[in-house]
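Labels run A, B, C and D following the written order; every chain starts at residue 1.
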Amino acid sequence: MSTNKTRKSANVQWGGRFASGPSEVMERINASIGFDQRLFAQDIAGSQAHARMLVARGILSSKDGDAIVIGLDTISQEIESGEFTFSTALEDIHMNIEVRLRELIGDAAGRLHTARSRNDQVATDFRLWVRDEIDAVDLQLKALQSELLGKAKTHAETIMPGFTHLQTAQPVTFGHHLLAYVEMFGRDRGRFADARARLNELPLGAGALAGTSFPIDRHAVAEDLGFDRPVANSLDAVSDRDFALEFMSAASISMTHISRFAEEIVIWCSDGFRFVKLSDAYTTGSSMMPQKRNPDAAELARAKAGRVFGDLLGLLTVMKGLPLAYSKDMQEDKEPVFDTADSLALALAATTGMVSDMEPMIENMRAASGKSYSTATDLADWLVRVADVPFRDAHGITGFVVKYAEAKGINLIDMSLEEMQAIDERITNDVFNVLSVEASVASRTSFGGTAPDNVRAAVNDARARFMGD
Amino acid sequence: MSTNKTRKSANVQWGGRFASGPSEVMERINASIGFDQRLFAQDIAGSQAHARMLVARGILSSKDGDAIVIGLDTISQEIESGEFTFSTALEDIHMNIEVRLRELIGDAAGRLHTARSRNDQVATDFRLWVRDEIDAVDLQLKALQSELLGKAKTHAETIMPGFTHLQTAQPVTFGHHLLAYVEMFGRDRGRFADARARLNELPLGAGALAGTSFPIDRHAVAEDLGFDRPVANSLDAVSDRDFALEFMSAASISMTHISRFAEEIVIWCSDGFRFVKLSDAYTTGSSMMPQKRNPDAAELARAKAGRVFGDLLGLLTVMKGLPLAYSKDMQEDKEPVFDTADSLALALAATTGMVSDMEPMIENMRAASGKSYSTATDLADWLVRVADVPFRDAHGITGFVVKYAEAKGINLIDMSLEEMQAIDERITNDVFNVLSVEASVASRTSFGGTAPDNVRAAVNDARARFMGD
Amino acid sequence: MSTNKTRKSANVQWGGRFASGPSEVMERINASIGFDQRLFAQDIAGSQAHARMLVARGILSSKDGDAIVIGLDTISQEIESGEFTFSTALEDIHMNIEVRLRELIGDAAGRLHTARSRNDQVATDFRLWVRDEIDAVDLQLKALQSELLGKAKTHAETIMPGFTHLQTAQPVTFGHHLLAYVEMFGRDRGRFADARARLNELPLGAGALAGTSFPIDRHAVAEDLGFDRPVANSLDAVSDRDFALEFMSAASISMTHISRFAEEIVIWCSDGFRFVKLSDAYTTGSSMMPQKRNPDAAELARAKAGRVFGDLLGLLTVMKGLPLAYSKDMQEDKEPVFDTADSLALALAATTGMVSDMEPMIENMRAASGKSYSTATDLADWLVRVADVPFRDAHGITGFVVKYAEAKGINLIDMSLEEMQAIDERITNDVFNVLSVEASVASRTSFGGTAPDNVRAAVNDARARFMGD
Amino acid sequence: MSTNKTRKSANVQWGGRFASGPSEVMERINASIGFDQRLFAQDIAGSQAHARMLVARGILSSKDGDAIVIGLDTISQEIESGEFTFSTALEDIHMNIEVRLRELIGDAAGRLHTARSRNDQVATDFRLWVRDEIDAVDLQLKALQSELLGKAKTHAETIMPGFTHLQTAQPVTFGHHLLAYVEMFGRDRGRFADARARLNELPLGAGALAGTSFPIDRHAVAEDLGFDRPVANSLDAVSDRDFALEFMSAASISMTHISRFAEEIVIWCSDGFRFVKLSDAYTTGSSMMPQKRNPDAAELARAKAGRVFGDLLGLLTVMKGLPLAYSKDMQEDKEPVFDTADSLALALAATTGMVSDMEPMIENMRAASGKSYSTATDLADWLVRVADVPFRDAHGITGFVVKYAEAKGINLIDMSLEEMQAIDERITNDVFNVLSVEASVASRTSFGGTAPDNVRAAVNDARARFMGD
């Protein structure tokens, strides 16, 4: 039985698709309007700045310049309001706007393309779009940090197990754990900011590839559009897609952070851990199992990393080995960037929402933090610090103590001093001051350590560094 | 100046997006209807087979079964004709169809979900879709091979340079060169066929993950839907996405072939080579430079490799380390597969069209094939074969001959016998029978070699193997 | 303070490295002997088969042929015993062996290269190597399946929770869970077998790219080396690396399986779950925390997926857009394949060892399997099957029952019949026969379901399919 | 015939490998000494700084501190001189050094590990290594820019075709073309510099994950090792590998530039183009075809992009979804970074060498630059600029002129004024001033344009920005 009903009209030459032949194939290959209409605001802003400069340099009359600027404003409103009809036959956003402009203002529209080409125009539009996106991502990352900081402050003393190898290692505080992500997302913001500074050069004025013979003023256009300066080499201006690759690199690294946190949330929500509760806003259940709360938002946030990595690798592969200046291959630059931007935005929103929404189950965390002799390091450190035992020896003594406690099925803190001293007589009663999870946590006062006072100070410090507080 | 007009209503918590908060975020995360509606035909076929089996096993009444099958047919027509309204609130294609079915046939619709779950249902739909796609790809690859074979036969004697390192190495025939791609695309077909055989097992009946207590007949459903057998393990049935990964692997390898051919076309169309002509059907020009023929179709076919690789890597990354059975991460499986299928289909159509369309510029190819002492190997082989010189010595003698010819600025065939013999006296007049590009090509009669008779035989052999001729 | 002591002698032109300039750079670029010496056995086998054929065809004297074959045997022994000194100046394994052969047998060595080139030689060697590797991987996968089957049989009735979203969903048996992996690794074996069949064609005899004018017999060499046939097109023979890509694709998919299992082991070993115990053989501890068992082997097996994916992507990218026939880029083919082979072999060994080693903690699994109302589906199915309630309605009723039980803090099986009937009066005493985890598991008798009898049958069936039992 | 001789001793359980079983497998999994010995200098520097701080804080005696520092110096010399014997049984570089230190100075060595753990130690070593590598890469990139600038200045007026779609588009100068790469490599340097600034925080002092109870001074150690500050959060300090990912991202983007240039060199060296000559230093030939110059260095530089992308993807995949803090998966971080560093260093050296070595074949470039009506844009621009024709109309008129010239088989500059005016009467004699390639190039005086004077100014500007001149 074939379910493949849609392909019955296939002709032989095309192996069953693209019944109308070459023209359909080429239209599909050439048309980018399906995705590049997202550049409309940037395309219009770029054209208006170009027109203003042409007027200022006497290349275009004021009258034509005004008509162009006003006409483009009209088009902008048409698109925003949904009145604009995009035409696939006109291939891309640039031609769609240009043809509409000619309808609106007549022949003057034909003068807008003076001293520019599609190559420098699209490079400019795309840079503007990525720049806007970076600004939006920065706001999202900052909002996420803000949620994390709020939660971290509230839970500066909430004890949970710190894991290595997903094994209980040492107690930490939940606030301290969240602050680790504040740092990661802070670095992400740094990467996006650096990418923004590097992309913020204007390609327009590079022409098709060689520059132009018109007496244009690229610096003026750059300033008008908020660029720091024009791109210094015309071939580079039209052939470079570093800014897209760097944006996707920064997004990929950010997605590793998001996915790590998401994995933790999935584990924390499992029956084995029950460290946090998420409300219905970020989980799905079923009418049959109303108690069930599947952490779908976390799983999706985790999974989005895959496609973002794929987008990056895809465009790296496209750009590899491409001779200068422009090749049609580069039309493949936009969809992965759009997909990355959308995926990152959604994953960040979901993560921010989950942080805001999650309630730590403090009792469970506390109970788990004392498992597996998590304060053994504290005993070893006490031996070094107080009893002046060399570290490697202290390590060995602690091993014997833990082995004894394990054999008896008790915790370190429940051993008697006599039992301790039977293993090493240098141990004194003072040791019991470091063997509780509270004492353990409170003792980690080194810079960056998990002691509650450190965590509170770190929240303030992070606010100053990241929030502008 | 900010061009980022669309984001002005952003609220603080969300960093400027998703103004409506959690509900909007979760809807975006959960809804797959935007892409999984492409599975509608498979979803309906699967449901109908399931209903028929439920009736046959007495789990469902004939009356309800008939109502379900007919109702689903109606929905199928509604979707095909464009009358069906998809609802994002209903999240996915399965719920959209189920809700519509309830509207059409009432409560009986509620019995269709007996003994199945969303998990085995979606796995079944998706396998059916990929299977259909493989069939369509096979037709396209076969059509491409057919074009290549036709062209290869026509040009069994058309001489062109064979390159290594893009340097002229030895003359070959254009037909022979095209046959290399017939082999590559033949292997691609083999890979897709193997993937098809491996995926052709039915997940339905695995339930959510553990199987079901209903007395279902999975073998009957398998047969009904053209599957070879049911998947043998219920956990595997719902958690496996090998079939998607294998499809994308095969597609990625096929894209390397397409991209290699596309690169050659771009080079062959360059001013430096001018080996082939493509018509307007597969190039773009400009009204200003009407002579210009940009090989856009080839460039796009080449570039599509990037996104297909990215799709594969993206899903590999998603599946890595995912515990059994189902996780929401797996909702990320469809978009990359759809994108790969579309990209491959388009690239294949463009390539087939270009093969059909391209005209070799025989004079240019012939002239280029004689450059760079391309028959030096023939001289060396002659020395071994006729004069019994050990190969490594023949190699050295040839080096001296070429050096001499190069210094004099002439071709090997234009040297005199005396000049030859001055270098090695074992050389006789017979050597001139092997130094033309025609003689060189004609002499490569080893199996798989480029001699025109071989090429013609290879065309026939390939037709038998690949075309069923 | 600079730690970068090794670079102080850098000269200016090279930016601080490669002090000896171009010659050092080119040597590093050209030399492959550092990695391709792994091909020595294949290179020698290929050369011997070539020599035998040359003799059979009268191209080489018996005397020279014998000298070559014996000389190569000597070299083989020298390499295996570690006596052979590899020379970087001789660049690759082929030249290292050829030069040594000349030392051993004199000028006859120079005749071995008759009618072949480096291009078809290296393609042959590499195919042979990958073919050997596939055979080794198949043995490893089979051994892993064997361990899984043994454990699955033993634990056909051992109940554990089946998860979706890492949330307890329905009880399954540990044996059933393990069988899911038997299927995955079975598909992996199928993919490697298909790859083997496809690669099993002989490139030798293709010459540099065009074939040869010597009257060679490629079919004889193919048979001698265990190939099914010669590659049909000489250009394809030297330029194709599909076999490497397909090997890496199959390995990548296999690594997703290994990594999923590894992730489960890490989770099962965590303090939250404690489902399995691994001995010291597959964990690491510390002298300080002797109770600690870090599942390092599982973590490494999981992590190796990353590099294998990277290897695949790397070679796909190298091959993309490469014009025929041979380019130096293709020298980058071996290292990723070697790395993938090594990583897969190690990950498989670790996984097999862990399966053999792991002891399920049956009590913990059993206790966890009853959490979260894991038999709610059984209640719903009972309503449909016994009380003839439409599935979607049964779903809703079950929701009410679970909600009630949750509010009371009891399990479904601990509710009274009256409480049940208060929610839906169609419920009878019979329902309690399906609400235990044992009853739930036993009821999943559909083909592929988790009922213990099914699991035992599935073990036998899998043995027949995969073990040749 | 089996060539797989090395595996005959395989036992059954392991599928033919790892004959010694679990211990061999775990040793292979755990041992990193095979690659992490590259960190020795960084490990020693880090330990010395740690010891100095412990002394300053009174945690360690001066005597012990001195012994440690001197002992480590000794070890450093032993390793540099090749006397040091690395032991696989000691697993990693840290234990190898620690054990040797104990041999040299006795028990004091055991105190070095006070207040630190393997986790913060390895993170510190690895950051130091990457930082050193970034410094070395920056020197290489600067050296490459220097070569490009020198060549660009020399060839500020050397005319070559500028390509789009590998089709002749507009004439540019060779110097201008090279300057495009100066910009690309300049951005690369910026990315590495940003990565350096971001990584330059000290992990040491974070302990295993929670900080330490010893009164350490992380700021002092940071200053000692040239870090800007300590990492602010201890969990982040030991679990973060952003610095490795960012280094590999920057390297990947840089490899796109290197590969684009390499592709151009391969094309420029082809028989079709013959734009540049490379000496034997960067090509390989054969004794048989001494005239042949295969651009191996360019091909390898191009191909290295693949493995660098693969390295990046590999580590992204490893880090995705890894819960805090340390998991063994992270041991997979070093090899891809080392491989990327080595590949990039080699590709940069090869590229720098080729730039220095390459001789443009000026006549060929000049001849090619006039093909395909490459000055058609100049005609159109003249119509707009001088005759005040709207751009889109000028575009159309130019199309007619080119069509006429093409039909007559002549160049634009060879048309008569009458012929021109027959197409559009606004054309005057002045137009011939813009139709030569020299005039075309000279007219592109917009900022960043290809006019020779611009190129010379751009060289100076770039020197100021990038060379510190």
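The working rule: contacts are C-beta pairs under 8 Å (C-beta built on N, C-alpha and C of every residue); 3 or more make two chains touch, one makes a residue touch a chain.
What you are looking at is a predicted structure, and each value in this text was computed from that prediction instead of being measured.
Two chain pairs, A-C and B-C, are compared here, and B-C has more C-beta pairs in contact (counted per touch definition above).
The interface in B-D, A-D or A-B that matches C-D, meaning over half of the contact pairs are the same by residue number, belongs to A-B. Subunit A and subunit C have centres, each the mean of its CA atoms, that are 32 Å apart. Once the centre of each chain is set as its mean CA position, subunit B and subunit C turn out to be 24 Å apart. Taken residue by residue, subunit D touches two or more other chains at 164-166, 266-267, 294-296, 299, 302, 305-306, 309, 312-313, 316-317, 320-321, 327-328, 377, whereas all remaining positions touch fewer.
Chain contact topology: the protein chains form a complete graph, every chain touching every other one.
Residue ranges of subunit C in contact with subunit B, taken from their complex: 107-108, 110-115, 119, 162-166, 169-172, 176-177, 179-180, 182-184, 187, 190-191, 194, 198, 205-216, 218-219, 230-237, 239-240, 242, 245-246, 249-250, 252-253, 255-256, 259-260, 262-264, 267, 302, 305-306, 309, 312-313, 316-317, 319-328, 377-378, 381, 384-385, 390-393, 434, 440-441, 443-451, 454, 458, 461-462. Interface of subunit D with subunit C (complex): residues 1-7, 10, 12-18, 21-23, 25-26, 28-30, 41-42, 45, 80, 128, 132, 135-136, 139-144, 147, 224-226, 266, 281-282, 284, 294-297, 299-300, 302-318, 327-332, 335-336, 345-346, 348-350, 352-353, 356-357. Contacts from subunit B toward subunit D in the complex involve residues 161, 164-168, 266-267, 269-273, 286-296, 299, 313, 316-317, 320-321, 368, 371-373, 376-377, 380, 395-396, 398-399, 402-403, 406.
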